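Sending over a structure as structure tokens; questions will come in a sec.
By written order: A, B and C. Residues from 1 in each chain.
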Amino acid sequence: MDAVLELRGVSKQFHGHRAVDDVSLAVPRGSLFALVGPSGCGKTTVLRMIAGFEIPTTGQVLLSGADVAGLPPYQRNVSTVFQNYALFPHLTARQNIEFGLRRRKASDLDRRVRDVLDLVQLAGKEHRKPAQLSGGEKQRVALARSLVLEPDLLLLDEPLAALDPKLRRQVRVELKSIQRRVGVTFLMVTHDQEEAMSMADSIAVMNKGRLEQIGPPREIYSRPATRFVAGFLGEVSWLNGFGLRPESIILSADGRPATVRSAVYLGNCLRLELQLESGETLLAETNPGARHTAGDQVNVTWRPEDELHVD
Amino acid sequence: MSRALALTAAAVLAFLHLPLAVLTVFSFNASRFTVWEGFSFKWYAALAQDTRLIEGAWNSLLIAAAATIFATAAGTLCAYGLWKRRAPLLTGTLYLSLVTPEIVTGVSLLAFYQFLFRYLDIRLGMHTVILAHVTFSVAFVVVVVLARLRTMDATLEEAAMDLGATEWGAFFRVTLPALLPAVAASALLVFTLSFDDYVITSLVAGVDSETLPMVIYAMARRGVNPAVNAISALIVVGLGFFILAAERLREP
Amino acid sequence: MWTKVRFWTLAPSRLLMGLLFAAPLCIVAAYSLLTRGAYGGQSPPWTFESYARLLDPLYAAILFRSLWIAALSTALCLLLGFPLALFISRSAKRKNLYLQLVMLPFWTSFLVRTYAWMFLLRDTGLINTILQSLGLIREPLPLLYNEWAVVVGLVYGYLPFMVLPLFATLERIDPNLLEAAADLGARDTDTLFRIIVPLAMPGIVAGCVLVFIPCLGAYLTPDLLGGGKSMMAGNLVQNQFTNARDWPFGSAASLTLMAMVMLALAWLARRQKGDLL
């Protein structure tokens, strides 16, 4: 595998507190890689160490094979799209995009700016200041400002967090299509597992400064390595030694008997909280047409391959 | 809102403004005494003849301009450094300088200069006044600029460096432009503080560096003189105009 | 990464404040412990005698008067400043205009503003001239060169320092609270003293300290508006350094004045617990 970025045993300590603990991972060139975890898990610190805003306490940060752990941000060919975009308020969209090119004294500045404006569909709005742009437009300026530098690796810090929830689904698709077209490696950090699963080629799940699991979305969802990963990516009911996702539960006459504790109609499904005879509780999502109410007796079953077995 | 409150507020505002307004009106009085005898520009004409006054005004302008440039530059840089990381000793010294009575700052500078002159062949003059003014105004610049920095987004500088700017590049291209209104406001403050200062200046000025406040002080001490009204009115109107112009510049 | 930049951003101020502010204060501190020479100047032996002399009734009276005049001026500033700040905080449209009106005198020369009161208060000044021409008095009233003239000058000079912090806290008071108080049966005076004043306390304290400190160290106002009998600590310091040429005693007076200022600030810091400025 051709890894554009490789972390080897990277740790970061702040005032005696270990924010990042011995993280090693490799990001394949040309992929969209997502680093997910709850807030405070250290994922943003990892991103900042790759960008060069923080220096690792120990470990190596290899960019295309060269260790950059001690280099300042302006000597690394990576670029960041900040969560709040960090657009320079006194410069127009175009001047924001030109900023990095001018620092590098790029020769074909006009052509590159035009190309990137077309790519993010901002042509015609390049003379506006950030305050005159909508949230989505600001994000595209931030993206263009970084992409125009043709970085080896583009870092995106919670790229959709500042957007209107309605816009998010649309932007997910756009971001992914831009990534495919330009072929630049994207490494994005998010706390939203749905966002990560819908966009990323591979996902790394972090918890309390440690890396829990890396793999393609399907694999980590259906074969989580730890209870934390299983629970972080979706709902799980834990039975004796294994876990079950709500959508794996099948109501069928020859299953185990259970009592409906509550039933909530959610439109696309009916959500049931069941209690087995053993006393264990189980969440199930079933056909919205079913008409179960609290107190009903049902029988449940599931396919053995849907059981989640963790360490 | 009650009428009594409005009336009290109006009275207090009058208390703040009437003395200078009356002073200005009487600068146009033809009489030497405080009895209105008709409109006249003669006291203003007298000012134009007063070489000591003109020289003092010129000195004050030079000193204020120099002090503004140095104090604003040093104070802005200092605020920037303090925004990046704390420096308790320096911060403490700056705050101390803000609350130290002017007379104490003045006599300690005088003692310091006298102490220095035992070893160096220099005298009190424009340079000692300028240094004194820079010293007492740096803290004002730091406070004003730091307040603006505290409202700023620290990720802007990270973004600039991420895009290839060096530390200094990020400061000059991203942070400084955003700071300019605060820098201008603090420069204005330094200019007025320096132009106006009498207490410290009178202690550290030499024979060739008499400033406008020193001349006015001497005239006021000597007694009734409508020429002092005239120069006062000029200062009030001049500084007022200066402030209004600066306000305009700040709001584009 | 910041070390170099940080060094160069702080270096000019460190040099300036160290050499021209901290070092001079240290020199004055040292002088205050020396003995006055025969022709001025200062020399060993080291002694606390200058500080002991401040306890002399003549000088103690000056220090006490400084405290009294500063306290009185502060109280008057609060009395005048509170209604004005309250009025401005409640005026909807013209807030900025009123604030600028309060700040405008602050931007003009302090010396000129003090001179304006000489012009108004002296024997042949405007107030006496008007009163005489109206036939209300025959001889001019001795308005200038007394403690009251100093207090008027200080109140006039530092009133903006009171109004601004007061306004800042008063403006933040939720108008709903006042309506709620009225709804619960409070009369205007109840609302003022039970709701507005307690909520404005941080601003009141800050304003009082901002006025008290410069009043305590005042030099120009008592020098121009006060007579020999209304001398304040600042005048004592100046007098010892220029006329009397007793630098050790002047230095001791300076440090005592500083100590009084620091005590006022320490009180503020205890009350506000945090940012002073």
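In the analysis below, contacts are C-beta pairs under 8 Å (C-beta built on N, C-alpha and C of every residue); 3 or more make two chains touch, one makes a residue touch a chain.
For clarity, every value in this text was computed on a predicted model and none was experimentally measured.
Under the contact definition stated at the top, no chain borders both subunit B and subunit C. Distances from each chain's CA mean to the overall CA mean are smallest for chain B. The chain with its Cα centroid farthest from the Cα centroid of subunit A is C. Computed centre separation for the pair subunit B/subunit C is 18 angstrom, with centres defined by C-alpha atoms.
Chain centres here are Cα means. That of subunit A falls 58 Å from that of subunit C. Spacing of subunit A relative to subunit B, judged by their CA centroids, is 54 angstrom.
Counting partner chains per residue, subunit C has residues 1 touching two or more of them.
Among the residues of subunit A, those touching two or more other chains are numbered 72. In subunit B, the residues that touch at least two other chains are 167. Partner subunit A is touched in their complex by these residues of subunit B: 153, 155-156, 158-167, 169, 173-174, 177-178. Those residues of subunit C lying in contact with subunit B across their complex are 1-2, 4-6, 8-10, 12-14, 16-18, 20-25, 27-28, 31, 80-81, 83-84, 86-88, 90-91, 98, 101-102, 104-105, 107-113, 115-120, 122, 124-126, 129, 133, 156, 159-160, 188, 213-214, 216-220, 224, 234, 237-238, 241-242, 247, 250-251, 254, 257-258, 261-262, 265, 276-277.
Across the complex, subunit C is touched by residues 1-2, 5-6, 8-9, 12-13, 15-17, 19-20, 22-23, 26, 33-35, 73-75, 77-78, 80-82, 84-85, 87, 90, 93-112, 115, 131-132, 134-135, 138, 142-143, 167-168, 171, 192, 195-196, 198-199, 203, 213, 216-217, 220-221, 224, 228-229, 232, 235-236, 239-240, 243 of subunit B.
Across the interface of their complex, subunit B is touched by residues 51-53, 72-74, 78-80, 82, 84, 86-90, 99-100, 103-104, 145-146, 149 of subunit A.
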